[in-house]
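Two complexes follow with chain A in common, the first pairing it with chain B and the second with chain C.
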Partner chain A sequence: MLGLLIKKEIRSHVLTYRFAMTLVLAFVLMLLGFSVMTAHYQGRMDAYSASASGRADQIAKIKQIKDQQERLGKLSELGIASGYKPALLSILSAGVENDLPVESHAGGWFSRSMDKTRFENPFLSVLMAPDFTYIVAVILSLLALIFSFDNICGEKEQQTLKLALSYSVPRHLILLSKWIGGYVVLICPVLLATGVALLIMNLQGCVQLDPGDGIRMVLMVGAALVYISLFYTAGIMISTLTHRAVTAMIIALFVWAGWVLVIPNISIVGAKLIVQVPTYNKIENEKNAIDEEIHLKIKAISKTMLGYGDKAKKLQEALEQENKQRKQELDEFYENKVAAQNRLCMMLSRLSPFAAFSYLSAALADTGIELFRKYRIADKRFHDDFRDYLDKRWKEYSEKKLKDDWLKPDELPAIIVNRSRLEDSINQASFDFTILAVLNILCFLTAFMCFLRYDVR
Partner chain B sequence: MDKTAVLEAIQLTKRYENGVLAVDNLNLNIYPGEIYVLLGTNGAGKTSTMMLMFGFTEPTSGTVRICGLDVTRDPLGAKKHAAYVSENVMLYGNFTALQNIEFFAKLGGASRSDAATCEQFLLRVGLPSEAHRRRVRSFSKGMRQRLGIAIAMMKNTEVIILDEPTSGLDPKGGADFLDILRELKAEGKAIFMSSHDIFRAEIVADRVGIMSHGQIVQELDRANIGHQDLETLYLKYELEK
Partner chain C sequence: MLMLVIKKEILEHLMSLRFSLACILCFITLGLGLWVNGREYTENLADWRANTTMHRLEVEGYNQSWMIVWQGVKVDLPPNIMQIFASRRAYDGIRTIQFSQDFEPQPASGATTNPLANMFPRTDLIFFIGIVMSLLALVFSYDAVSGEKEQGTLRLMLSYSIPRDTYLLGKWIGGFISLILPLVLGLICAVMVTLVFRDVHYTPTNWMQMILMFLFAVLYLAAIYSLGLFVSARTERPATAAVAVLLVWVILVLAWPTVTPYLATRFGKASSLVDLDKRKRDVMKEAWEQYKKADKEYDKAHDIPEMWWENGVARDSEKILKKRIDMVDVELKAVKFLAQEQEKLNNEFLNGMTHQTMMGQHVSRLSPFSSFMYVILAAAGEDAGNERTLQKQLIEYKERLADYGFKKQREEGEERLKGNKKPNYSCVDCPRFQMPALSLSHAMGAVALDVALLLIWNAVFFMGAYMSFLRYDAR
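So, the complex of A and B:
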């Protein structure tokens, strides 16, 4: 009997405009999204390659300078650039990827604060990247609700529910068949469109996938199916709580807006209000004030303890140490506050399946919040290492220990962002996956309980 | 007439959450081969009675039995013995008449649910062959009503419950419908229908119950239907209301 009911559900959904609309939208959005994101990824890859060759050229040019001091001076003056290789799966889930510069510059005297690629195409930032995650999280979630909001109340209005229930059909079978039949019809176009888009991307040879990427993609698609099913189940739940399709539609729209727009944004504001973080300028001002205070103290020591030699030197060193420590404490305070605010924001926003799915998808694509942290660390290390490298070379130069072939490309520091292992990505994603699964079960159980007592009059 | 009732309402009462007493201590027995027409004004409790008979809504107290099976305790068992035709047969608009009847035939576990058998039933209720493969969405109310009756007939149950089946039918459709009812009666089916249609009730009913305020205030058998002016009785209770 379940088979018969499912078949009927599939047939009745396939014959609707909703299905035609889903089919067209899924294909248009997936193909468009994949092509835009692939082109964007290629653009970033080109910028990365250009950065690598630019770096090699610059090193070669500096190397041509025979005089060691001049060569070292030139390297200190120009600095070096290092490219960041974009994450391949940012095609599917951009995450924070587009906020990371493809190139970072470290110099002895100054560093460029922004890489030139950031001036090229700002539209994806303004219009939101149409990646797989965005399409699923925003568009397909709405389609899922549109598919299911009147599953029960619509049939009640149509009086077919009454007729079906006048047969010896258990109510749970009707609900189950509605869930299975409708969901199958909903996800078939999505899977088909995603498959075709991936196939085209592969056939074009624009990107090279390794087996690890393949597994990540499969997991992302699987997570998308769970996310879509949540909205579909929520739609069914709404339809068992209402008796008119119009009412159900309004509630469904409220739920969608709440989950996709309101909760994620409220959680950002809420976290900012609960954990207040001073502005970075304020921290910088405080650091400057410390610098000034210590400078005055050192100046005073220099004036008053001219004849004290070692003692004065020790006091000055102690003050410099204090300066460093106090500034470090301020940095740590700031970073801890930011981290606490981020953690709270993440926890609050997880009340929204949209946020949970976005975190989950970005974690699997390795473009999540974690990548931002890793990039910052890698960038800082790159700058520190380059400064150390120059200090070391200048010291060698002053001690006349600098060899002629000291400028070796391999020895120069670069940005190295450690990619998450598949297991780590899965671990990161598992919490959000659990949220989606639990919400799915809760919605289905509510729908089940309501439908058992649903008044079909 | 076999005196074992196939449809029974025993002290059936329904009070809705808003306090409205829709059915008030109703007692009713319908026998095989009998057509029972429940007459009453809007809000008299006819549709609520029908809803209780299929367990679409739970009774506040009392019992409904179909072929001896308690609808509340054994709803699935009881529903095997009764078919239902609603006031406004809508069905699945995207399906053809044939697809609709095939689906419900299979749902009812009909021994034969092939296209040929289904078509026979559709022809029997007067639905022309050219309409069999048309989507129900394009059907007139009369055509949908016929299809609804064909679906109920195909279920082949002892009891057929019809909620105002003649409302909106043209005179020809109404007359055809009465013929179908007579055929079903001849097959020994117990027919319980609610209606506003005094004229047709007078023609076809074996018994007529006049319902007001959730109670059957007067019941007439075949012998008395002719002697009483049903319209006067109907209006009397309408005015009392």
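So, the complex of A and C:
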């Protein structure tokens, strides 16, 4: 019986023009989205390799200088650059990836930086990236609602529900068959389009996938199915709560707008109101003030003690230590505040499955907020390490211990962002996955309960 | 007669569920969103004030003339108050630009430090009106014709002696007024909310900008509203109309504008940033080699030994002091050469990029949302043209700084040559950077095409609705 009902459902859905539109939209969007995101990734990857070869060239050139002092001076003056290797899965979920620079420069005296606002397409950052996550989370979720909002009340309006229930079919079977039939019709084009897009991406040969990435992708697609099913089920739930298709439509739209457009934005607003983070500028000014203060103190010491002797030296060292520590504390204070604000925002926004899915997807692709933090740490370490490296060499030089072949490319620091292990990513994503699953069940149960007492007259 | 229809339409909408939901959405989202944007602006303004004073004092405290040239000057760009309403979101915090003569103006800060800003679109007018209100506009209009048909009221209405065109116009006006009403109230309320902050003062120009933004919003929403009406007049059942309207909305608002900036990279190949950086470094090397050559030639001509110092003291101090004065011009020339060449490379790169961006923009204009985004950004002074003007001024300012700094160096050298060991040195008269004034007419000229497009969309959709309604089968 169930098989028959599902078959009927599938047939009636396949013949509608919303199915045709879903098919077309899913294919066009997936292919377009994957192709532009792959091209974007490719561009970033090219920049990365250009940066790596530029770095190697520069080191080789500096190494040609015979005179040690001149060589050290040149290295301090020119500094070195290090590229950031983009995450492959940013094709599927861009996350914070586009906010990270392609290259960072560290110098002995000054570090160059590029003005992003000048050298980048100004419209890239206004809207979200058209990646797999965006297409699923924003567009396909709306299509899922469109698929199901009139599932029950629409049939009631057409009087076919009355007829169906006059046969000896239990209500739960009808609901179940409706759910399964509609869902199958909905996800077939989505899966097909995703599959084709992934296949084309692979066949182009510009991306190398390793098995770990494959698993991550499969998990992302799986999570997308759960997410789409949530919106689909929510549509059925709304349908069983209302008696006219038009009302169901409006409620469904507001639910969608609330989940996808409003709650995520409002949660940012809320987090900003509750946890207030000082601007980074304030922190920097504070740091400068500390520098100034310590500088004055050191000056005073050298004046009173003439800057000589062990005692003065010890005092100076202690002051420098204090300087370092106080600045570090400020940085930590700032980072903690930012982390707290971000956490709160994430918690608040999880009221919306859209946000939960975005986090889940970004966690699986390893391009979430965690990546942003990791990049900042890596960049800071790169700068610090380079400074230490130079200090060490200058010290060796002054002690005449510097060897002739001291400039080795692999000894020089670089930006190394630790990628999360698969298990960690899954762990991170599991919370959001649970939210999606629980909401799914809740919606289905509500739909079930309401349908059992639905007035079909 | 028209008034009667309009009145009926408005009253009908006011009683509906969607109107109350729209009101709630407008008040909560706009109010909260603009409140937070306003607070961000005041924080940025406070930072900007503190920084400008600090950086100015730093410059005025320089006690040697090389410092202004090589240590440089930091300039803070004031935050744009219209960012409360629309922003390109490319940076958070204020922008501080570092000027030093050995590299081009570069950001001293202004990198994103808080990823929160990049998680979801910012709650401003582009987001709220462009996406949320456009959806509402469709919700308000999709069943205007087909819904009445289903309820049988359309038949009744047309049986009276009321021409179809008057009826459609009445429906359009009445529905549109009830759509705009919550927006106007919400906007007024939100603007009032931002005025709570002591530092938010809108100048007459700002009010002008706001009015312009509002007019553009009305134009955009009218186009989308007419689109809904058009679809409604082409369909028999509101459920069909709803599905069709939503699909169109998905394509026009969610899909196309998001894809096109990325699609832009397909139009012509621009060289990469890393490559640009490398070429600039090559130019830098060339400039310094030229300078070093001139330096050596000077030493040869004036018989200055390579090791001209001993125990930290110059051997022939008069000659060295004289050399310093003479070399100022050579150095200035090198610095200017460097700046010019680098700017040439920049422009070459930017031309490629601008071409891509422009092509992307043109393609994206198929969607009224993109046109709306461009006009709103232009009205807020956040458009690409404004940024270009700013960058040009920054380059000019760097040149002025170079002239000033090297003039100071020469003066200091001359004083020392006269035997003055500690020349009186002050940088109080160091040139200040003037933020270019926003030219609204210029910005509007750049987006005239978009305004025209929005008007055309309006005309097309309304005409479509009109033609379809004239032959609509009301049975």
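Here, the second predicted complex is superposed on the first by the 412 of 457 C-alpha atoms of A that agree within 3 Å, B and C clash if a C-alpha of one lies under 4 Å from a C-alpha of the other, contacts with A are read in each partner's own complex, and residues count from 1 in each chain.
Criterion: a contact is a pair of C-beta atoms (placed from the backbone, for glycine too) under 8 Å apart; a residue touches a chain by one contact, two chains touch by 3 or more.
Here the structure is a predicted model, which is why all the values come from computation and not from measurement.
Participant: Should the pairing of chain B and chain C on chain A count as a clash or a fit in the superposition?
Facilitator: Chain B and chain C fit side by side in the superposed model.
Participant: Between chain B and chain C, what opening angle does the Cα centre of chain A see in the overlaid model, nearest 10 degrees?
Facilitator: 100
Participant: Could you look at A:K282 and tell me whether it touches chain B, chain C, both or neither (first, second, both, neither)?
Facilitator: Touch partner of A:K282: chain C, not chain B.
Participant: By the touch definition at the top of the document, which applies to A:I200: first (chain B), second (chain C), both, or neither?
Facilitator: In the superposed model, A:I200 contacts neither chain B nor chain C.
Participant: According to the contact criterion defined above, which of chain B and chain C contacts more residues of chain A?
Facilitator: C
Participant: Quick one: is A:L165 in contact with chain B, with chain C, with both, or with neither? Answer first, second, both or neither.
Facilitator: Touch status of A:L165: first partner only.
Participant: Quick one: is A:F372 in contact with chain B, with chain C, with both, or with neither? Answer first, second, both or neither.
Facilitator: Only chain C is touched by A:F372; chain B is not.
Participant: Touching A:L15, do we find chain B (first), chain C (second), both, or neither?
Facilitator: So A:L15 only meets chain B here.
Participant: Quick check on the superposed pair: does A:T247 touch chain B, chain C, both, or neither? Answer first, second, both or neither.
Facilitator: The second partner, chain C, only.
Participant: Once superposed, minimum distance in angstrom between C-alpha atoms of chain B and those of chain C?
Facilitator: Chain B and chain C, overlaid via chain A, are at closest 13 Å apart by C-alpha.
Participant: Which parts of chain A are in contact with chain B and also with chain C?
Facilitator: none
Participant: Per the contact definition, I'd like the list of chain C residues that touch chain A in the complex.
Facilitator: So the residues of chain C in touch with chain A come to 17-18, 21, 25, 28-29, 32-33, 35-36, 39-40, 43-44, 47, 50-51, 54, 88-91, 93-96, 100, 103, 105-107, 109, 111-116, 118-123, 126-127, 131-132, 135, 139, 143, 147, 238-239, 242-243, 246-247, 250-251, 254-255, 257-259, 261-266, 272-278, 281, 346, 349-350, 353, 356-357, 360-361, 364, 373, 377, 384, 387, 391.
Participant: Note which residues of chain A are touching chain B in the complex, please.
Facilitator: 1, 4-5, 8, 11-12, 15-16, 158-160, 162-170, 455-457
Participant: Hey, which residues of chain B end up touching chain A in the complex?
Facilitator: Of all residues in chain B, those touching chain A are 47-48, 51, 54, 56-57, 75-77, 79-80, 82-84, 86, 88-95, 99, 103-104, 106-109, 148, 151, 155.
Participant: Touching residues of chain A toward chain C in the complex: what are they?
Facilitator: Touching chain C from chain A are residues 17-18, 21, 25, 29, 32-33, 36-37, 39-40, 43, 46-47, 50-51, 54, 78, 81, 83, 96, 99, 102-103, 110, 112-130, 134, 138-139, 142-143, 146, 150, 154, 245-247, 249-250, 253-254, 257, 261-262, 264-266, 268-273, 277, 279-282, 284-285, 288, 334, 338, 341-342, 345, 349, 355, 358, 369, 372-373, 376.
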